[in-house]
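Two complexes follow with chain A in common, the first pairing it with chain B and the second with chain C.
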Partner chain A sequence: MIEILSASALATVQDLGRVGALRWGVGTSGAMDPLALAAGNILLGNDEGAAAVEVPVFPFRVRFAQDCAFAVTGADVAARLDDEPVLPWWCTQARAGQVLNLGLPQGGTWRGSRAYLCLAGGVEVQAVLGSRSTQLRGAFGGHEGRALRQGDTLPIGISKAEPRSTDFGLVPPALALPLQVDGLPAVRVLPAAEYTRYSEASRAAFWSEPWKITAQSDRYGYRLAGTPLEAVSALEMRSHGIVPGVIQVPPGGQPIVQMRDAQPSGGYPKLGTVIEADLWRLGQAPIGSRVRFIETNWDDAVAAMAQTRRWLDEARRLVDLRRSQRGGR
Partner chain B sequence: MMNSNSDRVRQLSDWLGGTDIARLELRGPGESICLQREGGRIVVAPDEPALDAQAPSVAATAASVGVFLHRHPLRDSAIAETGTTVRSGQIVGLLQIGALLLPVTSPCDGVVAAMLLEHGATAGYGTRLVELHPSSTTS
Partner chain C sequence: MSGDQGSISLLGTSALLFEAPGSMALHSQQRIWALAREAESWPEVREAVPGMNNLMLSFAQAPRALGELEARLHAAWGVAEPLPLEGRVVELPVVYGGAGGPHIGDVVAHTGMSIDEIVERHSAPLYPVYALGSHPGYCYLGGMDPRIATPRRKVPVVSIPGGAVSIGGAQTGVSASEGPSGWNTIGSTSMRFFDPAQDPPALLRPGDSIRFRVEKVIR
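Up next is the complex of A and B:
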């Protein structure tokens, strides 16, 4: 078990998401940086989709009520276990009673905004509709369907890995699979159904200008600020299904990127869709930072997913090799 | 199945004979061998002079082949700057093997004296990576 010591709100239990429930009007939820979650689980010998604690507000503190191996992935938050520094993207053994403190995200060579506290065995809350992710809008899943509060305790599942096989790490994919334009983090976008309904100048601006992530950005969606996007003629649409990654343009012309807690339908015109392989990059982009969009196509989007898959497979292979070597000594 | 070290050396020599490798060094825990080409023959090279056992410093060594890192890839500063006081087992550097990072740990309580390999340089098994001055007092 771990106990939440921080009063800071907005930390939630997340796994890789609740897929297949859109037909009942249930959005996907899940980690804003699924790659960090999967990598943390790989470090600990968990299934890639084991549930973890997503932390977007710092400092954040937890106490281990039992011995447990853990890894903090995502943003480098200068973690400390009692007084000992803990490296980012590193699996470490905690003993019962120890306190883990996550500090502010560090600049360093890459700045993220969310950290994942992954535990050997995973956070063992009840799965709902096949997922342990917190569904904030529906108030179910995760821990009591809500963000974590001070004093909450989370049960830990049974670990499959050998308990002593800790003390190694992974090079974060932000460094191994970098994507930038003019020094800004970038994400690839597929033009969507209403793309051609926007003026040529607006389409050009969308690809060539930086977009600021405003303070009105959260797990539901990122509201961006930039040169307003102008439709050639007024667009009136009925509500239709949408998924995380869809970029909607409300009448003001400032786009909204739907994120993990997006509702399953919407009525604004769709300019494009951030490809699934790049959603984690956006999920880690801090509020106030700027991002760039890169036009892509279906084949390249599928290839990007395959590249992400290869990175995870290789990480798993190297970690398993490390475990088997240590076990043999 | 090989049943003795001399059989293994002969086998290695035969393999080397069929290549254009000039010199082969193998190191493992407590063992090392160096084979080199002399004319058309493969011979066992004489042992390198042993390191001075009286040296006042000790070193953290590479437990694997890899790329030696002074800094974590996400960070701008070294894990253990020269002059840092460390405890036995404390991480003083990293070895990168593809996406994997392994710890390079101090073999003793002491002070980091010098980095013996550049950040980003490739280390072989057993390469001395970080020189340390052990604490004189026993704790």
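Up next is the complex of A and C:
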């Protein structure tokens, strides 16, 4: 069990999302940086989709009520276990009673905004409709269907990994799979149904200008600020299914990228969709920072997914290798 | 024939959207239901989710080549016969106006009708559930009297409670849980639309119908 010591809001239990419940109006939720969650689980010998704690506000502190291996992935948040520094993307052993403190995201070559506290055995809250992710709008899943509060305790599942096989890590994908344009983080976008209904100047601006992530951005969506996008003619839409990554353009012309807690349907015109392989990059982009969009096509978008998959498979191979070396002694 | 084919667009690599041609009507929506039933058996499809005169297919795994899937989808639409899902009729007692219907005055102002006329027109039809979406258990309904259509609010309301009965443009609906909304709330009901512990968790499904029964009108 771990106990939440911080009062800081907005930390939630997440896994890789609740798929298969769209027919009941239930969006997927899930980690804003699924690559960090999956990699943390790989480090700990968990299934890739085991639940973890997603932390977007710092500092954040938890106490371990039992011995437990853990990894902090995602943003580098200068973690400390009692007084000892903890490396990011590193499998570390905690003893019962120790306190883990996550500090502010660090700069350097890449600054993320969300950290994942992954635990050997995973956060063992009850799965609802096939997932442990918190469904904030529906108030179910995760821990009591809500963000974590001071004093909450989370149960830990039984670990499948050798308990003493810790102390190794991974190179974060932000460094291993970088994507930038003119020094800014970039994400690839597939044009969507209403793309051609925007003026040529607006389409050009969309690809060539930086877009600022405004303070009105959260797990539901990122509201961006830049040159307003103008439709050639008024667009009237019928409600239809949407997915995380869809870039909607409300009448004001400032786009909103749907994120993991997005509604499963919407009615605003869609300029494009941030491809699934790159959505983690946006999930890690801090409020106030700027991003660039790169136009892509189906084949390249599918290839990008395969590249992400290969990165995870390679991480699994490296971790298994380390574990077998240690276990063999 | 291409005008009748419908259009297909991408939602990234996670899903695609099929939009049926023509106007919004029950007959067309019944063909969407038929298409959904057919497409959900395809191996690359995780879910086939009806919208309003459209259908989203979410992928279990992104198909390598899209052309074959698109052709299959167009062909399936071409032969889709209306599927008359004869679902349940659920009656919802509604308190119109008052604290639970704070925007009924805006509907009065827009339509020029009295509260009683609005209530009469809103509670008269049997509303078929066309699709679920927006939030857990929420139903998109067809069949509202166009004379009480009222534009969405310029500034969305930060939060309306679960059970809020509202009008947005030519549509009406009932929110299933508390959340933001740009629609005009004209009344309230206490029905529970979603319970994750039940199977299925949503009270209603496409093909069911809602009847609003006037429990009380607060003028």
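Quick note on the criterion: the second predicted complex is superposed on the first by the 329 of 329 C-alpha atoms of A that agree within 3 Å, B and C clash if a C-alpha of one lies under 4 Å from a C-alpha of the other, contacts with A are read in each partner's own complex, and residues count from 1 in each chain.
What we mean here is this: contacts are C-beta pairs under 8 Å (C-beta built on N, C-alpha and C of every residue); 3 or more make two chains touch, one makes a residue touch a chain.
Everything quoted here is computed from the prediction, not taken from an experiment.
**Q** Based on the superposed arrangement, let me know which partner A:167 touches: chain B (first), chain C (second), both, or neither?
**A** first
**Q** Who wins on chain A residues touched, chain B or chain C?
**A** Counting residues of chain A touched by each partner, the higher count goes to C.
**Q** Looking at A:315, would you say it contacts chain B, chain C, both, or neither? Reply first, second, both or neither.
**A** In the superposition, A:315 touches chain B alone.
**Q** Report for A:192: first if it touches chain B alone, second if chain C alone, otherwise both or neither.
**A** Once the two structures are laid over each other on A, A:192 reaches chain C alone.
**Q** Could you look at A:87 and tell me whether it touches chain B, chain C, both or neither (first, second, both, neither)?
**A** In the superposition, A:87 touches chain B alone.
**Q** State whether A:134 touches chain B only (first), chain C only (second), both chains, or neither.
**A** After superposing on A, A:134 lies clear of both chain B and chain C.
**Q** What is the contact status of A:46 with respect to chain B (first) and chain C (second): first, second, both, or neither?
**A** neither
**Q** Applying the touch criterion given at the start, work out whether A:239 contacts chain B, chain C, both or neither, answering first, second, both or neither.
**A** Touch status of A:239: second partner only.
**Q** Which partner chains sit in contact with A:248 here, chain B, chain C, both or neither? Use first/second/both/neither.
**A** neither
**Q** Show which residues of chain A lie in contact with chain B when the two form their complex.
**A** Touch list, chain A to chain B: 76, 87-90, 106-110, 167-172, 175-176, 311, 314-315, 318-319, 322.
**Q** Residue numbers of chain B touching chain A in their complex, please.
**A** Spelled out, the residues of chain B in touch with chain A are 72-76, 79, 91, 94, 96-103.
**Q** Considering the complex alone, what residue numbers of chain A touch chain C?
**A** 19-27, 128-129, 135, 137-141, 190-193, 238-246, 263-265, 270, 273-277, 298, 301-302, 305
**Q** In their shared complex, at which residues does chain C touch chain A?
**A** Those in contact with chain A are residues 7, 9-15, 17, 19, 24, 46-47, 49, 51-56, 58, 62, 64, 66, 131-138, 140, 176-177, 179, 194, 196, 200-202, 205.
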